[in-house]
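After this come two complexes, each holding chain A, first together with chain B and then together with chain C.
And now, the complex of A and B:
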């Protein structure tokens, strides 16, 4: 193999700037889609654990569809198909007028996929802290939604801090699939650098290390949050 | 745990560094041919009519036919009874790397010969000269680069057209939103779905796109031919003997007029003729015996 290693090339402009801008987009897509995933996931998870009929049915349709269709296919559906089946004016608006259409589509696509997974965690969390708390909560005079907001959710979310960390890590890594719709995030920029310099091994090695560092930072952050608010704290206090 | 991880990564890097240092062999292609009678050709799957898969999923096209002639010459020159060809599909993103690391020994596609690429691979003489133009919907009424002001333009990430478009935008002071597409098919979809008003690329790729399109009649190739993009076939570095055979074989084809015949066979149906720039490039490479 005739490969000359040249790590210095990554420090040169414009490649150094490309890596940073790629990292920026990766973080923005991850944050955006994670926010969406949390909102949708908590809503769907709560809806699914409710005793009523209608809401859990809608929530489980959402969860099953979005959890079982491959995320790349979902992203393509949102990007290529959705604007075409929407009314023409809406479709054109999405394709042309919407600021940063690729970015918004990436957040929606990845966020709704992650949301379905978060929803299942939330449901499991609520079930874990005990749906039997519900009658007790209602007996104190809380309305059902209040019972969820004040008792079931705070306890349920604390119980699932660990799995949620994994979901967040998956979301960060999944942001790379947005390169297929033209987002120049970290992976795309590494490939971009490879195309111009033919030093892909270096750029991808750096991207790998950056993903690892982001992942470790996310894990550390979630651990800190867990110590501050999560179930661990309560377990520890119960033990002493 | 983290310390072990770092150790493993360091070890992996060291191994990667060593293996490249050890593998700077001269004439590896010829040595492999003499030992195993095989050669790996890279081809493009959808680059009509240059290099693509036919109905039987066999690589075919202008570049493939040229390469077959080159292989005939290789056979004669190295006195091999036969050559077994292994085909490897390549794309815009991986072709360079696959040739550089020797996986592909002759890339029969259309890669623009640039000084930057020459640092990692060698090139055959010019097989085709492309120039960049715009693929638009006829209804868009875009005819020249100035018409792009206020429009959305798609460009393939990583090709040579990307810096060209940037240059056009800067020199003409245009207000253009650029979207990046992954391959030519995505560029076509962007134009047809009106996500972009134009797809800026070298015009060699447009033949196949218009043919692939369901509404090819609605598409037009417009704009002045921008730039000089001489394409050739990539060969791994450090293969002087093989590269010489490639140059010799193609020089002979240029001189005998065979190259023009092959060109007309594949590009004729698309209404293309050997351009003056391509003629000039061929004449330049037609060295005397």
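And now, the complex of A and C:
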């Protein structure tokens, strides 16, 4: 293999700064889309498990559509198509006044994709805890929504800490697709450095290690949260 | 707003079909290669020798934490360097897909093998079978049955993943549509079409898998 390695080049400006700002955007997009995914995913997951007819149907359509279209296509729909087919005033506002349009689009696109996956986990969690708790909760005088908020959801979410960790990791990786609409996140910046220096292998190696570190940190954080709040704690206490 | 031109789809149809053929090729190669390599990795990870198991574990962990786009970039630059001449983005993308998806297939195969109870292996060994015979005649047939739904779901995910070859300018279905979208200035029509086609294919495949799983369980 005919390649001259030069790791020092990554420590030079502007490349060092590019990597850091790339990491910053990766984290911001991941956090933003994860927050959106949790909100939408919990709402849709709860709606899906309800005994009514209308809400579960809407949630189910959302989940099927957003799980079965590749995230890159969804991102392009939000970026190129949505402003065109939205009501004219909304479309114009998006095109002219929306601050950081690529960043916002990335969060919406990735967040709604991840939300559909989170919704399936939430539904599974609520089902695992047992919908049979519902009559008991209602018998104590709670309203259905209160029963969900105070009993089904806390127990259901505790049961799915593991799957949610995987979904969060997928969201972090998915943030890289935002480079297609011009976000200079970590993967884009490492590519950018290749363009300027022809030392792509070094910059890709650094990006790979950074993704690994982020992944390890996320896993450790979720494990700590699981120990503090999750179902494993209750299993352990039950065992002792 | 009012001037949609859906005729652009009919005009670009042959070009789009070529794109879909490339997507299908990527899925086929990634799945076939990924399964073979993934099976090898799964056997390595189950080995009792740390020297065999550890590299496979490290490989799978890295591939599962890194975005596919970064892996595509890696091989886009690495493959020509290793081979010593330009090979085109298709060869690099095929290699990247096989190596990337192998990590995911490995985990599916590993959990399937693990789902066959240890007593089965012990009993088979007690009858005098060799280790490979136990794997071939006792563990794999049962494991394969357990993992079929997961494998089929992974194929659907791989199909969605192939759209990412957009970043190395390989002309799959998604990329051909985007070429037409910018050439003819028709992003709304083209990206809507892309979404509808992917949705139709992935949704019906997912439903078929669900149906198959339920029919088998009954």
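In the analysis below, the second predicted complex is superposed on the first by the 237 of 240 C-alpha atoms of A that agree within 3 Å, B and C clash if a C-alpha of one lies under 4 Å from a C-alpha of the other, contacts with A are read in each partner's own complex, and residues count from 1 in each chain.
The working rule: contacts are C-beta pairs under 8 Å (C-beta built on N, C-alpha and C of every residue); 3 or more make two chains touch, one makes a residue touch a chain.
Everything quoted here is computed from the prediction, not taken from an experiment.
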First, second, both or neither for A:105, with chain B first and chain C second: neither
Partner chain in contact with A:84 - chain B first, chain C second, else both or neither: both
First, second, both or neither for A:184, with chain B first and chain C second: first
First, second, both or neither for A:30, with chain B first and chain C second: neither
Chain B versus chain C as contact partner of A:49, first or second or both or neither: neither
Partner chain(s) touched by A:200 [first = chain B, second = chain C, both, neither]: both
Which superposed partner A:171 touches (first chain B, second chain C, both, neither): neither
Per-residue contact with chain A, leading partner among chain C and chain B: C
Which superposed partner A:121 touches (first chain B, second chain C, both, neither): neither
Chain A residues contacted in one complex by chain B, in the other by chain C: 1-3, 80, 84, 179-180, 191, 194, 200-201, 216
In the complex with chain B, residue positions of chain A that touch it: 1-5, 80, 83-84, 92, 95-96, 101-102, 179-180, 182-184, 188, 191-192, 194-198, 200-201, 205, 209, 216
Chain C residues touching chain A - in the complex, by the definition given at the top: 1, 61-62, 64-70, 73-74, 77-78, 81-82, 84, 156, 160-161, 163-164, 166-167, 174, 178, 181, 187-188, 191-192, 194-195, 198-199, 202-203, 206
Contacting residues of chain A [partner chain C, same complex]: 1-3, 64-65, 67-74, 76-77, 80-81, 84-85, 88, 169, 173-177, 179-180, 187, 190-191, 194, 200-201, 204, 207-208, 211-212, 214-216
Residue ranges of chain B touching chain A (in the complex, touch as defined): 2, 9, 13, 16-17, 19-20, 23-24, 92-93, 96-97, 100-102, 116-117, 119-120, 152, 157-159, 179-182, 186, 189, 193-195, 236-238
